[in-house]
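Labels run A, B, C, D, E, F, G and H following the written order; every chain starts at residue 1.
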Amino acid sequence: MSKPVVGIIMGSQSDLRIMKEAAEVLDELKVAYEVTVVSAHRTPLRMVEYATAARGRGIQVIVAGAGGAAHLPGMVASLTSLPVIGVPVKSSNSIDGWDSVLSILQMPAGVPVATVALDGARNAGILAAQIVGAADAALGQRIDAFKESLKVKVETTAKDMETKGWRSAL
Amino acid sequence: MSKPVVGIIMGSQSDLRIMKEAAEVLDELKVAYEVTVVSAHRTPLRMVEYATAARGRGIQVIVAGAGGAAHLPGMVASLTSLPVIGVPVKSSNSIDGWDSVLSILQMPAGVPVATVALDGARNAGILAAQIVGAADAALGQRIDAFKESLKVKVETTAKDMETKGWRSAL
Amino acid sequence: MSKPVVGIIMGSQSDLRIMKEAAEVLDELKVAYEVTVVSAHRTPLRMVEYATAARGRGIQVIVAGAGGAAHLPGMVASLTSLPVIGVPVKSSNSIDGWDSVLSILQMPAGVPVATVALDGARNAGILAAQIVGAADAALGQRIDAFKESLKVKVETTAKDMETKGWRSAL
Amino acid sequence: MSKPVVGIIMGSQSDLRIMKEAAEVLDELKVAYEVTVVSAHRTPLRMVEYATAARGRGIQVIVAGAGGAAHLPGMVASLTSLPVIGVPVKSSNSIDGWDSVLSILQMPAGVPVATVALDGARNAGILAAQIVGAADAALGQRIDAFKESLKVKVETTAKDMETKGWRSAL
Amino acid sequence: MSKPVVGIIMGSQSDLRIMKEAAEVLDELKVAYEVTVVSAHRTPLRMVEYATAARGRGIQVIVAGAGGAAHLPGMVASLTSLPVIGVPVKSSNSIDGWDSVLSILQMPAGVPVATVALDGARNAGILAAQIVGAADAALGQRIDAFKESLKVKVETTAKDMETKGWRSAL
Amino acid sequence: MSKPVVGIIMGSQSDLRIMKEAAEVLDELKVAYEVTVVSAHRTPLRMVEYATAARGRGIQVIVAGAGGAAHLPGMVASLTSLPVIGVPVKSSNSIDGWDSVLSILQMPAGVPVATVALDGARNAGILAAQIVGAADAALGQRIDAFKESLKVKVETTAKDMETKGWRSAL
Amino acid sequence: MSKPVVGIIMGSQSDLRIMKEAAEVLDELKVAYEVTVVSAHRTPLRMVEYATAARGRGIQVIVAGAGGAAHLPGMVASLTSLPVIGVPVKSSNSIDGWDSVLSILQMPAGVPVATVALDGARNAGILAAQIVGAADAALGQRIDAFKESLKVKVETTAKDMETKGWRSAL
Amino acid sequence: MSKPVVGIIMGSQSDLRIMKEAAEVLDELKVAYEVTVVSAHRTPLRMVEYATAARGRGIQVIVAGAGGAAHLPGMVASLTSLPVIGVPVKSSNSIDGWDSVLSILQMPAGVPVATVALDGARNAGILAAQIVGAADAALGQRIDAFKESLKVKVETTAKDMETKGWRSAL
């Protein structure tokens, strides 16, 4: 596979059940990526290294997922000028996801994090592809085809429901 | 000025008091942009036209701000394959900002919106520049310089507080 | 069956488990309806077509259900002058339902959505019937009979509990 | 003026600062209405009388506004088969409006209330007109014209901002 | 059994799984009560009758439980000068219980409801006994004994944990 | 004045601006009361003394108001078998009042607190009177007259609005 | 084992499933502790005794866990000058944990409680060790080793994921 | 003054209006401290240096205040084995303070932050003194005297209110 342009990191291996969806959609869109674990709180120096070296290694976007007091996306954003996408993961003792959502979203002026929905790793992958695709016409076309496929799927469902009746769709 | 690469839109002219910060920071970073009003609810067809034509006109990122049941960022994202940055604006009858935050953040799988903090238009502008800057080395350097200036400002403040005492900093 | 006067739409087939209750109560009240899937985010142009054509096809009320950043009810309301009833559906990654409730409820001045309770599709169907029934005396009587049946059911339950004791009602 | 078809009621005179917007938009749309105070908690029997007599007096829709533990809209809905629109009013000791929103929105199956945004009395008036307009072609056209005027206003603003620059619009 | 002095009512038979705890603790405390179903929304006139007649029938306190947009406790309080205790029940489509809590708690000045914890029917029963016991010395002593028994149970548990070690208490 | 039967206490003198409304309505209803400051956190032993001695001094109900992590009502309830009414006060650094509401409302089984609305001291006073009035026919009649006066005030307002028009009532 | 320097208390034996994690981590760090049940609401005088005697018995830090209207940590803090760590426990009828979090966190000026995450007893134990370790060099080194072990575990996981691929880590 | 044992840091100079209260109470308690600005997001490497060097410089406790997505306290805690006290500051675009509270409180297992109330810097100072005072008998006595003074102030207020009447205390 070609050199990774998207870096997918997560605070804990237990976040992989969510974060794998970013990897999967990047596979579908044929965007090269790397995946690893970087914990803001247990390996802060590893985080500094990862974030400061990413651009030099050819990474164009970082996707960072974390739960609870989720500091990883914002801290990585503070350490690089690459765009950083944050995925709020709902952890086991989460207060309904509010903790990770607000810890990632409410960054102070100067250091943005592009936040997606709670557990929204699939959307993080798509957004990463859109960012990379801004300067890559072929990728742009793959994203267009991807969006078209979503549309066709809904239209097929709708047609079925209209012709066969909603009871058949339960 | 050169051809706009960032499109800044907002649901109502009253959002400009917030959204102007996106324009201002893009001015600082020397990124060309355009600004207009597009209401998802009062001009839905104008929104369709704006979103579907943006890429063809050379826009690379759209920054969309809206308050309350804030549908503009998500609807624009559904109509383009460009990355869309959403700014939740706290409107006058807002329920503490939760309405615009959740209406923008919680997009379904397939259609991401890069959400920033409540009233975080300045960060939306910086994020737009980071995305454009992925393929523009000179812009990348301006962003690095911008981040450096933030750091220097804090260090100066800190030095002052340490040497003159915290009471002098009140 | 006669020509539909209520249009029931939902953002995804997965919402049908909730939205079917609107259809069922309209069956009970003998109000003709149609059901289909219209996704604001995956089929935005289909949504424009559906909403702008509805009145012309004889639809008098639209019931629209969606989850997460639920834009379907509000966007449909922006595209028609028919009354639109919104059903906030609790999606799988919902933040306790707040996202769909606020995305539907907090519409800006000018474009109302008649919002019902979280997962309240049955009430949406009843409300649609009440709206249609404003100009249909026979339907009005069927709604009165429906309300009477609710009352009788409670009274029977109460009588049982009073005469047989509350332990028998567990 | 012709016989009222919309009944606007509120739990307290202090709600009039919000609820007047329903009256004003009905004036704009030339829909006849009546306005009075009916308190669920201080005049419960008056509420029973108002709600049970409304249909017989020619009322087609009831708009009810209340704050705090806002029981008026739901109780009126329990006492009539007319459609009832609820306006959550943010009272002085409100917990951010959540109390009136949830007290009105979360009605049990069988008794719907068409809830609008917090302090959204203007939208309640428009929704009432839409409901009455379902069977009144001339009113339907007035609503269409009203929506058209909202669109034109946005387009004018947008044109101005585009031609004169966003700074002139601050 | 003697004539009931506490009236336990609930909006729906499905609330009995919670509300039975009020009955059970009144049995423990030997306070006579009655239990029935009174729905604010499905049997509003039955509610008026129940509330206005209660004092005359010898009832001294009313315990009312309801879920969702829980209007029963507040409406009963508006119809009687007896103290009314409200139990917020968490219903199946509840927004985390906030709806019933706020619908019962946030009563306007003039019409109090003594609200207890979410699903706190046991405490509602104890509170009812405390109110009746204000003028009943024998009951007062039974409540004191009840509180003493709670204390003894904790002390026994604590003693066990201290002597046998916490692992034995898991 | 006669011997106090209601004890009004508050965690801090700054709560008096709210808690005075309990005293004022008890004055209106001619119920004798006492007022003092008892801080759960700064004078815990004074709190123990106050709560354990109250019944012996003739107090029949305690009204306790506090803000933030509001422990006073619940701790007093744990120390007496008298009914305790809790008033959640919105303190200066309150998180929208949720802190005091939940700290008072969510008592564990066995130790109820009769909670009223945020800053609802007036209702606390009325509830205290209702509890005392259970065994005092003359007081019962004063409460009935009080409720009647609330009703008359609403009816007068309503009559005015109906005859003079709503604009005159603004 | 040596004399306890940390006192772990909880409001109910049912909290032990959470609170045991504080004990376990103190075992790992070789810090002597004691564990018992002290209920603020059912054994208030026992609580007074425990808190006032703790310092004299050699306890240096108290870890207190409780759920719902969680008064134990704050009340103990009011009765001792020792540092008190509060663990908000999510009880069975909790409103998503907000009740215990806010009851413990929002203490008034003068009486701090060191609050940890919802159900965060393990962190409470570590924090207790850090406080004791401030004056105990050997313990300080054990805590450093503990933190190092957390780091190594993450690094091993990361290395595995990088070399074997993320799919192998699911 | 003697060598600082408490380090007070904040994310921005604008937090000083809150954080100064920590300094002031440490002055009252005669505990030596230092104050400076350390921004997690704008000066991440400065933060690493500050946190890793603190223990070596004789600091025994760190008090860290920050608003919004408040990462400073948790990141500092990840970089030192000293106890860290976090002060959630309510920033200008805060979502009611929830963002800073949850970003600081909800730390993952292994890295505790001792969180105090929103804007609770005064309590953070007291808590720092309590921690230092664990091994400093003279400081312990000053804290006891401080708590005594809080008690006396309440008792004086209470006495006044009881003897002069509550109206004189308004």
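Methods note: a contact is a pair of C-beta atoms (placed from the backbone, for glycine too) under 8 Å apart; a residue touches a chain by one contact, two chains touch by 3 or more.
Molecules present, by chain and UniProt name: A, B, C, D, E, F, G, H = N5-carboxyaminoimidazole ribonucleotide mutase.
Everything numeric in this text was worked out from a predicted model, so none of it was measured.
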### Query
Through how few touching steps can chain C be joined to chain G?
2
### Task
Determine the shortest chain-contact distance, in steps, between chain C and chain F.
2
### Message
So which of A-B, A-G or B-H matches C-D, with over half of the contact pairs the same residue numbers?
### Response
A-B
## Note on the structure
Note, CA centroid farthest from chain E's centroid sits on chain B
### Copy-to-copy rotation for chain B and chain E - C-alpha atoms, rounded to a multiple of 5°
180
#### Entry: Averaged-CA centre spacing for the pair chain G and chain D, given as whole angstrom
51
### Task
Could you tell me the distance, in whole angstrom, between the mean C-alpha positions of chain D and chain E?
35
### Query
Once you find the CA centre of chain A and the CA centre of chain D, what distance in Å lies between them?
41
### Message
Please output the residue numbers of chain D that touch at least 2 other chains, ranges allowed.
### Response
12, 42, 68-69, 93, 95-96, 98, 101, 105-108, 110-111, 113, 117-118, 120, 147, 150
### Interchain contacts (touch definition) - all pairs
A-B, A-C, A-G, A-H, B-C, B-D, B-H, C-D, C-E, D-E, D-F, E-F, E-G, F-G, F-H, G-H
### Message
For the complex, give me every residue of chain G touching chain E.
### Response
12-13, 16-17, 20, 23, 34-39, 42-43, 46, 68-69, 93, 95-96
### Message
Taking the touch rule as given, give the residues of chain A at its contact with chain H in the complex, in rising order.
### Response
11-12, 40-42, 44-45, 48, 67-69, 71, 74-75, 77-79, 91, 93-95, 98-99, 102-108, 110-111, 113
### Query
Which part of chain G faces chain A closely enough to touch in the complex?
90, 96-98, 101, 117-120, 147, 150-151, 153-155, 157-158, 161-162, 166-167, 169-170
### Task
Spell out the residues on chain A that touch chain B in their complex, using ranges where they run on.
21, 60-61, 81-83, 85, 101, 105-118, 120, 122-124, 126-127, 130-135, 140, 143-144, 147, 150
